[in-house]
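Shared between the two complexes below is chain A, which pairs with chain B and chain C, respectively.
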Partner chain A sequence: MTALLIIFATAIFVLFAGLTKNRSWLQPLALTGCGLALGVTLFELLGAGPGGWNHMYADMFEFTDYALAFSAVALVSALLIIGLSGYGFRSLHDTLGDNYGLILFSLCGALCMFSFTNLTMLFLGIEILSIPLYVLAGSRRNDLSGNEAALKYFLMGAFTTGILLFGMALVYGATASFDIHSIASAISDGRHSAGMLHTGIILILIGLGFKVSAVPFHFWAPDVYTGSPNLITAFMATVVKTAGFAAFYRLFSVGFAPAIDFWSIPVAGMAALTMTVANLTAIFQTDFKRMIAYSSISHAGYLLLAILACDVPGSEGALLFYSLTYSVATILAFGAYMTIAEPNDDGSFEAFNGMSKKQPLLAAVLAISMLSLAGIPPTAGFFGKYFLFTAAFAKYPWLIVLAVINSAVSIYYYFKIIIAMYFTREENDYAVVTSPGIRWVVVLGLLLIAFLTIVPGSVYALI
Partner chain B sequence: MEELRTIPIEYYLYLSTVLFCIGVLGVLMRRNAIVVLMCVELMLNAVNLLLAAFSTYLSDAQGQIMVFFIMVVAAAEAAVGLGILVMIYRNTKSTDISLLDKLRN
Partner chain C sequence: MTLYIFLTLAIVSVITALLMVFSRNPVHSVLFLILTFFAIAGQYVLLNAQFLAVVHIIVYAGAIMVLFLFVLMMLNLNSETEPQKSTMWKIMAAIAAGSLLLTLTGALRGSVQLATPVQSNPRVGLVENLGKVLFTDFVVPFEIAGILFLAAMVGAVLVGKKDLKL
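Our next item is the complex of A and B:
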């Protein structure tokens, strides 16, 4: 709860500070707010111990260890993204304060989504997360692809909200409550009308499927990811995805747990489709951001396994660890990508040719994050997949076999980047423009990946 | 309250389902972004109607409180959406969403 208040206060402060002439202290201010919030969250997480609950607003918020741990993941991602923003936002002048403010407001929505116990709070969290992002996606006002991304994201988001809300209304009609614990007890008591409840669950599933871009509701994601500014894409691929899955997991593992036999079949189908379709499409991409978009869809497929295994102990930890490794690796990849693609206006794989000689550090970072996303041992991504797959193996062996095959397929497209950087003869004369901020973020991210690689259990066992 | 309940709850359910489906079809089929936005509002209002009906029949205020939140969020969303539309109209002189296909390859 403290973290939420700190981020909210910082957001308002940054928004007003953006009106002043001197904009050089906006980024340090945003970083301080996030850093403070992360510190408080980690302190509460480690200090309060298991069961140290934090109820707020007539129990509509419940800052359990689960919520605190996911808040920490989102805050780490936000810190790294804001760290990169000195570079990514360098062409913004008048709207710099608005951009930081909107990112922080969006983060508030993510924190609500980790801690909700009431469907009203979930809905508000999703909207607080999404509405600033519609603006941010179109923050380059004269860029047509940015406009298109903003409109697509907005229309899909508003449409999905409608579907999600209709589902919530039906669940409310069936169980007479918005509280997820009461919903669970109403379902297990049999005090509900089954038709309405099941339709409601399916509609909520579709709504959340859109939000986390699971196949067959993923078609908006590649366009939106490609058209948005690079930093905002990084935010969507990491914080939004983590928030979406944490909320998805919480709702289905607590609220709809007694109906698991009903919803596990469509979720399993969605997971299988998501992994396969996304990986097969990613193979044919030639643009880095589009490839990352499909890669993030395929990771959504793996993360759905955690929801399927929600009654297995350890699946929460697996979801947490996977979200963290995936987020850090994706942000590092975007950091390295921006330095080559933005100054040369070329996002294709060929732009990376010979990068290992021009910028050995950035090339190494990009290579490590690609290896981690592909799940090659001994990187952190391998442990993430290992925890996730072992949690779901007992219930869905066929899905795990499919997931392992898909991971093997994904190596192909992640290695395209590494091959371009290290093993390609043809070179280009592209300049790689970096900044001290990027180097700091890259070193911090590398330390984090190294930490996750050496002691994966420390994060996995947190909750 | 009692006289409100003379109409069976199913009627409200059918009416809001029909309204919701009209909204969904409009979003999927219309090409003018402003009409699409109106259809989204129709979907949200179908939900509001359903929530208010359930709230009355269950004698529980939660549903009506949710309606207020939905109205506030819908207003915020419409403000942002119209802002995006104005931005696009300035660049393309059109609100036709089928013109926006530059990102598909």
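Our next item is the complex of A and C:
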């Protein structure tokens, strides 16, 4: 809650600071707010505990270690993304403050989604997360694909919000409660109407499946990811996905846990479809951002395994570790991508040709993040996949076999970038333009990945 | 008596909703939609939610419908400009929506009726009680909704603003 208040206050400050002529201190202001919130969250997580907030509004919020740890992941991602923004937001002028403000508002929504105990809070969180993003996706107003992305995201998002709300209403009708603990006890006591509850759960599954872009509700993702500004795409692929999965896991592992026999079948089907379809489609992409879009869909498939294994101890830690490694690797990849694609206006794989000679550090960072996303040992991504797959193996061996095959397929398209950077003879004369902000983010991200690689257990065992 | 009122309102709302979808003229569609909203507001009154019924009429049938009509007039839409979808699309959409309807009715038909909690207080749907709940049990969501509206307002202003080089 303290983090939420800090982020909200920072958003207001940034909005007003955006009105002044001097916009150079907007980014430091946003960074300070996020850093402060991260510090408070880590302090509460590692030592002090959430304090008085927990008892004051216990029927709405519950600041468990789970909520605090995921808040920390979202704040780290936001910190790195805002760190990159000095570069990615160069083309914005007097709307810069509004853009930072909206990113921070969106982060407030994510923080609500980690700690909810009441479906009202979940719904509000999802809306606060999404509505600023509809605007941010189209923040380059003269860009046609940006407008298409914003409109597509908005229309599809509004439609699935309706489905999600209908599902929540049916669950309320079946169990007479919005509180996830009461819902769970109503289900396990048999004080509910089964047909209504099951319809409600399926509709909520559709709504959340859309937010985390799981197949078959993924159709919006490639177009929206490609059309949005790079930084916003990075935000959607990391913070939104982390928030979506944390809320998904919390709702299904607490609220709907007694009905696991019912919902595990469609979720398993979704996971299998998501992994296979996304990886097979990603092979044929020639554009980096589109490839990352399909890669993020495929990671949603792996993350669904954690939800399937929600009654296995350790699945929470696996979800946390995977979200963190995936987010950091994706942000690093975007940082390196922006330096080559934005100045030259070319996002294809060929743009990376010979990058290892022009910018050895950035090329190495991009290579490490690709290896981590593919899950090659000994990178952090390998441990993420290892924790997830072992958690789900006992219950769904066939799904894990499928997941391992899919990870092998994914190596193919992740390596396309590495081959272009290191082993391609024909070179282009593209300039690589960096900035101090990018270098800082890259170094911080690398340190974080190194930390996760060396002591993976420290994060895994947090919750 | 209540059953007859319910049935009348339900039939009216379904028929007007269908007429709204099928009418060629967009202005007629909007007018039928207003009728649908009134029928639904009647259902709210039957459920002892008077405040919700009034807000529903003021916000939806009032404000949002006026917005719809403004947009229709500004774009000058009429039956000639309506885009013609191919028959293929129409059949596919009908099959998709029809199977959703079948699944939902099939799933909900078998559901048991729970013992409805008897409302001891007949004034439960009035503003006074709603306000009490909103400022006691639901005070956190009420405040958080403020963030949502602020974010939506900033977003709306940003959409309409030109990015000037200062």
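Criterion: the second predicted complex is superposed on the first by the 454 of 463 C-alpha atoms of A that agree within 3 Å, B and C clash if a C-alpha of one lies under 4 Å from a C-alpha of the other, contacts with A are read in each partner's own complex, and residues count from 1 in each chain.
Following the convention adopted for this analysis, a residue touches a chain if its C-beta (ideal position, glycine included) is under 8 Å from a C-beta of that chain, and two chains touch if they have at least 3 such contacts.
This structure is a prediction, so every number in the text was calculated from the model and none was measured.
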Practice item. Please indicate which partner A:Glu127 is in contact with in the superposed arrangement: first for chain B, second for chain C, both, or neither. Key: both
Review point. After superposition on the shared chain, which partner residues are touched by A:Phe105: those of chain B (first), chain C (second), both, or neither?
Key: second
Review point. Which of the two partners, first being chain B and second being chain C, lies in contact with A:Leu92: first, second, both, or neither?
Key: second
Review point. Given the touch rule stated above, what does A:Gly138 touch, chain B (first), chain C (second), both, or neither?
Key: both
Exercise for review: Check whether A:Ala169 is in contact with chain B, with chain C, with both or with neither, and answer first, second, both or neither.
Suggested key: first
Check your understanding: After lining up the shared chain so the two structures overlap, which partner does A:Ala158 touch, if you call chain B first and chain C second: first, second, both or neither?
Key -> first
Exercise for review: Return first, second, both or neither, reflecting whether A:Ser177 touches chain B, chain C, both chains, or no partner chain.
Suggested key: first
Review point. Who does A:Asn147 touch here: chain B (first), chain C (second), both, or neither?
Key: first
Exercise for review: For A:His192, decide between first (touching chain B), second (touching chain C), both and neither.
Suggested key: second
Revision key, fill the gap. Both partners, chain B and chain C, contact chain A at residues 120, 124, 127, 131, 134-135, 138, 141, 176, 196
Check your understanding: Can you name the residues of chain A that touch chain B in the complex?
Key -> 119-120, 123-124, 127, 131, 134-135, 138, 141-142, 144-145, 147-152, 154-155, 158-159, 161-163, 165-166, 168-170, 172-173, 176-178, 196, 222-223, 226-227
Study note, to complete from the structure: Counting only contacts in the complex, chain B reaches chain A at residues 9, 13, 16, 20, 23-24, 27, 33, 36-37, 40, 43-44, 46-47, 50-51, 54, 58, 60, 62-63, 65-66, 69-70, 73, 76-77, 80-81, 83-85, 87-88, 91-92, 97, 100-104
Review point. How about chain C: which of its residues touch chain A in the complex?
Key: 104, 107-114, 117, 137-141, 144-145, 147-148, 150-152, 154-159, 161-166
Check your understanding: Which residues, counting only chain A, touch chain C once they are in their complex?
Key -> 8, 15, 21, 57, 59-61, 92-95, 98-99, 101-102, 105-106, 108-109, 112, 118, 120-121, 124-125, 127-128, 131-132, 134-135, 138-139, 141, 174, 176, 191-196, 198-199
